[in-house]
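Each chain carries a letter (A, B, C and D) given by its place in the written order, and its residues are counted from 1.
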């Protein structure tokens, strides 16, 4: 099975007053048709920038695409080829954003915005598409679909907006759906509903999906495979079950532990320290300052090392040679 | 993207560090710094004009009428009466600065008071104040200024007075909008609930928040005031001749635009430079004093 | 076209070549930019001073037709011969549409304009006691609305502005307060007691006592006192109708106007005097108040004649092929001193101040030859004008001596009230600056106080108040009458409050003279007395330069404030 | 929204009365009344001045004069110009039309160029083009209008001879639409520069803000073409502010027309107002100021309502 999307060596930076921000460094992963991939990390870990970069979405400048190769359905996508990319975006790679209310233009009704997107990708006129739109909205658990079309973004709730957003992505039938923190800004009830919806989609359509979240439980419910990111780099990746049952990177272990604590309502365990400033990364392993196991070798950036079947982790602990020192 | 916003939240910081931060933001704006340098230089030159000016600005030389620029002895040339243009520009600045600064200062104070009243007591007295200002708004600015000047006779005091009257409503509007917003702000509500008098609320809670807006608006408008004052001079309503007035100098030179274009071009350039400097400083201040703008890339 | 750099430089110095053209020549000769600018700097500025003598006429050629566009320096006001004021109103349209009972020939290239020429009046008889004037009217004259011009029409027009209530009689229905006020300077001193018409071709005016300037004063202030408009128009809608539908006997007819912008008049095909019929088909007057706008209009071909060109541009306009004409006229730019200010009480101080002013340099350098230094209080076209009145020459040394004699060797401070502009004012601010500079040389420190024109008129007409040392005005008449206005102690125009009644005596004698020679001699005596007393300071006479396009034919510069355009035509 | 509109429209009336009061009071402070202007040199005769002043009714008390004026004005009778002796309405309306043409021309430049510059500089912000364009607009905004006008005349009319410098149409021959447009180019541009700069700067900062909004990124992610992101979405959200500022600028252009009309000999209201002050033609002035103010208030009101109507968040509340 060839990969639907293959990312290799993706490196993205920004300029800022305090120096160059290394948002994403040398990120490589792949996703196959029908597969679902979770990307996990704290805010500032580069997970959002990574998934925005899949179709070179961030405007450049100011974004600097320093390196990386993205192959989608066997075709290499290059930055700045806006004409080609326009057809990939939405049609090839659909996206759902963290705050869907903000992802709709406040000046237009929801219906008009849906129609506009459909018109950009589909040959049929809006009149023909409308029944399908209503149906899709209803299948996304929007009861009063007709009414929603006539509403402005500020007149619907965040949960409804998110479901409209998902419906809209589905209407164009993309090959890959990228959902960036789809539940973060929602209330609890909506979170549950949206997650259920995504799960249902996975089940019923077999759509390939990348789910970005800082919330492990969300990822755990949906993802087949997981990528853990820290300070712009992948620190660990592999099959979801394997990683959740046996994390190999100290950062992943910390994350899982704190999530566990939270769920059990116990004393809140947080990883000590804060993520590093991406404009002034420490030398060596970026996690070193917060790592309970840090040792001399960590002053050099470790490579991604094999950590089991189809698994990798970026830690010197996995390198018997390094441990010797 | 979230990684790009690096500035930490400013809540709970000492005012002094806020001020330092504003200064730092201002210094980062290269054009604003250039503007400040230009204005400082201009002020120094203006103050020293009697010492450094090569000629008396009102003393004409019959034998050197309309000498072109870059001539020996007259680097900017001479005008229709043989007066040295450089000397007239230098002395003209002595009018241009007061004409820019005093009206803004006067209107700033009056506008501050009226605007705070208008914004705070917006259902009673304030409404009346704002209505009166609406009337002044509706009369074209130039017309209002000319009528006042015609009523009071030409000269610096008239120019200053009529410009002050003309821009007061604008400043008052800026203040009243800000005040109206502040009125419902939590800390003002809190002060009111704690039983503080209106005077104290104005002085302690509203004024410190309104002043930056006035300063920014005022500085930005000083550039416009330089231009506006030139309009008075152009129409012959400016300073009493032979006192050099940039606007009057342009009017003087427009008759000889073809044979001696420098006579009106040189004061025009002087006006542009000073107005531009004020505009850049105003822009810099706006960014520096508005934390929302400051943190934006 | 090649010539040597030396040759070009010579031309430049002599004003035959503009600096720009010179630079172009020099560049063509391969000179570097720095060399050119060095040469330019070494040459004296062009037009710094001028001894230029301007022609009185443009190209003269028989012919007719065309549309003449005239760029005016200010708005005209009411198109009513009784109400219109200001030279521009008269010059632009009223003089072309209406005619005066008393006319002067102002477009005669040679000769003065005072002689009264036959027009709608054939001849005038004066009785030997100087109190009765009989006007014999021209036959066959009609207004352009077809109504006849006759004695009844003349009397109707006079009654419109002649306030008979002062004689205890009832005013005519057409009497207009404003019209009477506008002409009050004439009718009140003339003391007319009756106006009769023995037949439709004759009008007889009866005066209480002899008034020598009676006839010559009539065409002053335009043809104001005697501009004849059709009574029939008034009957249709009163004063407003006259301004809206100006109907006269003149060589042109009113066509249309946009007040303050444009006024069109067309040739009157039924003019009563075929010999004097208009040559141009149409004249368009444009109000172009900004001097550079007028010049731009001329250069762009949007105007054929412009009044009051900026003097700085005259030389370059001439080089471009435009014709600048100028001519002596009654204009006088004069100053009056405030007799209430203590320092002026001593005659020597007044003389010293006058002598400190270099009027010659002012006319030549500041006005670039478009003005002459004034040597009389009478206009240059007035029969009583003389250059022998005895006004002292510019002399700083003598002036200082006079001040020292008067005990003011340290000088004093005074204030000069001037308008920023206004009718016939030339460049009042520049001139006042010039005077202040000159006076400073003898220690008289002058502070200028400028005012906008109407505010100035208000202050001026009220007479100088304490603290004001002097003010300024521009007026003058071709009629001998004018000195009555500023110099009579009782006149409202004696704005400096000069107290010397010897002027009144001389003026009374002049006005009651029964022959012109005596009257002229007496007016000259007034002039000479003023040259001693120095209450009224004659500064310069404007030559009123006009720039015309070379397409304009038969243009003769007027010898008065107003203009006659009937002989002018435009080559297409 | 409807009630609000009605309330705003009604509030124009007291403002206009205030405007007429202020103008009236101000004019009567100016020394030298219409009598002086009408009499010229004869103004030196105080009896003549008094007679004319009485004739014009200017010897009555100010409140009385104002009341008489107001009563007539309500019926649409604005009196007769003391300068030209023609009905003020006949004098005013052609001039108003001319000023509207000039204002429309200026607005065209200000809006079209302002939007172009504002949008493109926001798109290429921090580029050399952006810096240059911003410098130029700021210089334009820092220069006196009459000076710019003079430079334009000097360059395009005198030196190059490309465009007419003066008036609305050539005085020779009947006016044509093309002729008026040609005459409009320079004065409209001179008049527009400050507004152009203001609009460009507002639009630029608005666009910069809008272009980084999530909905633009979302539009991009949904595969909308760039022009739709910029024009249909980013600009649409700047539009209410742009319209509002444009409304304010209309008033400004109306007032700024004075200098331009003087310099370019454009026969409009601004110039009429200026010359009416000089001639103390109170009658004309009162009406002219009222018209200009009414137009100014009206345009601002329309701009304000348009801004609200275009912002769905405000329109529905």
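Remarks
In this text, a residue touches a chain if its C-beta (ideal position, glycine included) is under 8 Å from a C-beta of that chain, and two chains touch if they have at least 3 such contacts.
Every value quoted in this text rests on a predicted model; they were computed, and no experiment measured them.
When chain centres are taken as C-alpha averages, the shortest distance to the whole-protein C-alpha average belongs to D.
With centres defined by CA atoms alone, the chain at the far end from chain C is A. For chain pairs C-D and B-D, the one joined by more C-beta pairs in contact is C-D.
Our note on geometry: chain A versus chain B, Cα centroid distance of 51 Å, whole angstroms. One finds 38 Å separating the Cα centroids of chain C and chain D. Per-chain CA centroids place chain A at a distance of 89 Å from chain C.
With centres defined as mean CA coordinates, chain D is found 22 Å away from chain B.
Counting only residues that touch two or more partner chains, chain D has 30-31, 150, 153, 158.
Residues of chain B in contact with two or more other chains: 150, 254, 257-258.
Residue positions of chain A with contacts to 2 or more other chains are 52, 58. On chain D, the positions that touch chain C within their shared complex are 30-32, 35-49, 51-52, 54-55, 80-81, 83-87, 91, 94-95, 150, 153, 157-158, 161, 164-167, 170-172, 262-265, 267, 271-272, 275, 278-280. For chain C in complex with chain D, the residues that touch the partner chain are 67, 69, 75, 77-80, 83, 85-86, 177-178, 180-185, 188, 221, 239-240, 243-244, 258-262, 284, 286-290, 292-293, 296-297, 299-300, 302-303, 423, 452-461, 475, 485, 491-493, 495. Residue ranges of chain B in contact with chain C, taken from their complex: 58-60, 62-68, 70-72, 78, 80-82, 150, 153-154, 236-237, 240-242, 252, 254-260.
Chain A makes touch with chain D in their complex at residues 52, 55, 57-59, 82, 86-91, 94-95, 97, 99, 102-108, 116-117, 120-121, 152, 154-155, 168-169, 172.
The touching residues of chain B, counted against chain D in their complex, run 131-132, 134-136, 138-144, 146-148, 150-152, 223, 226-227, 230-231, 234, 247, 250, 254, 257-258, 261, 264-265, 268, 271-272, 275-276, 279-280.
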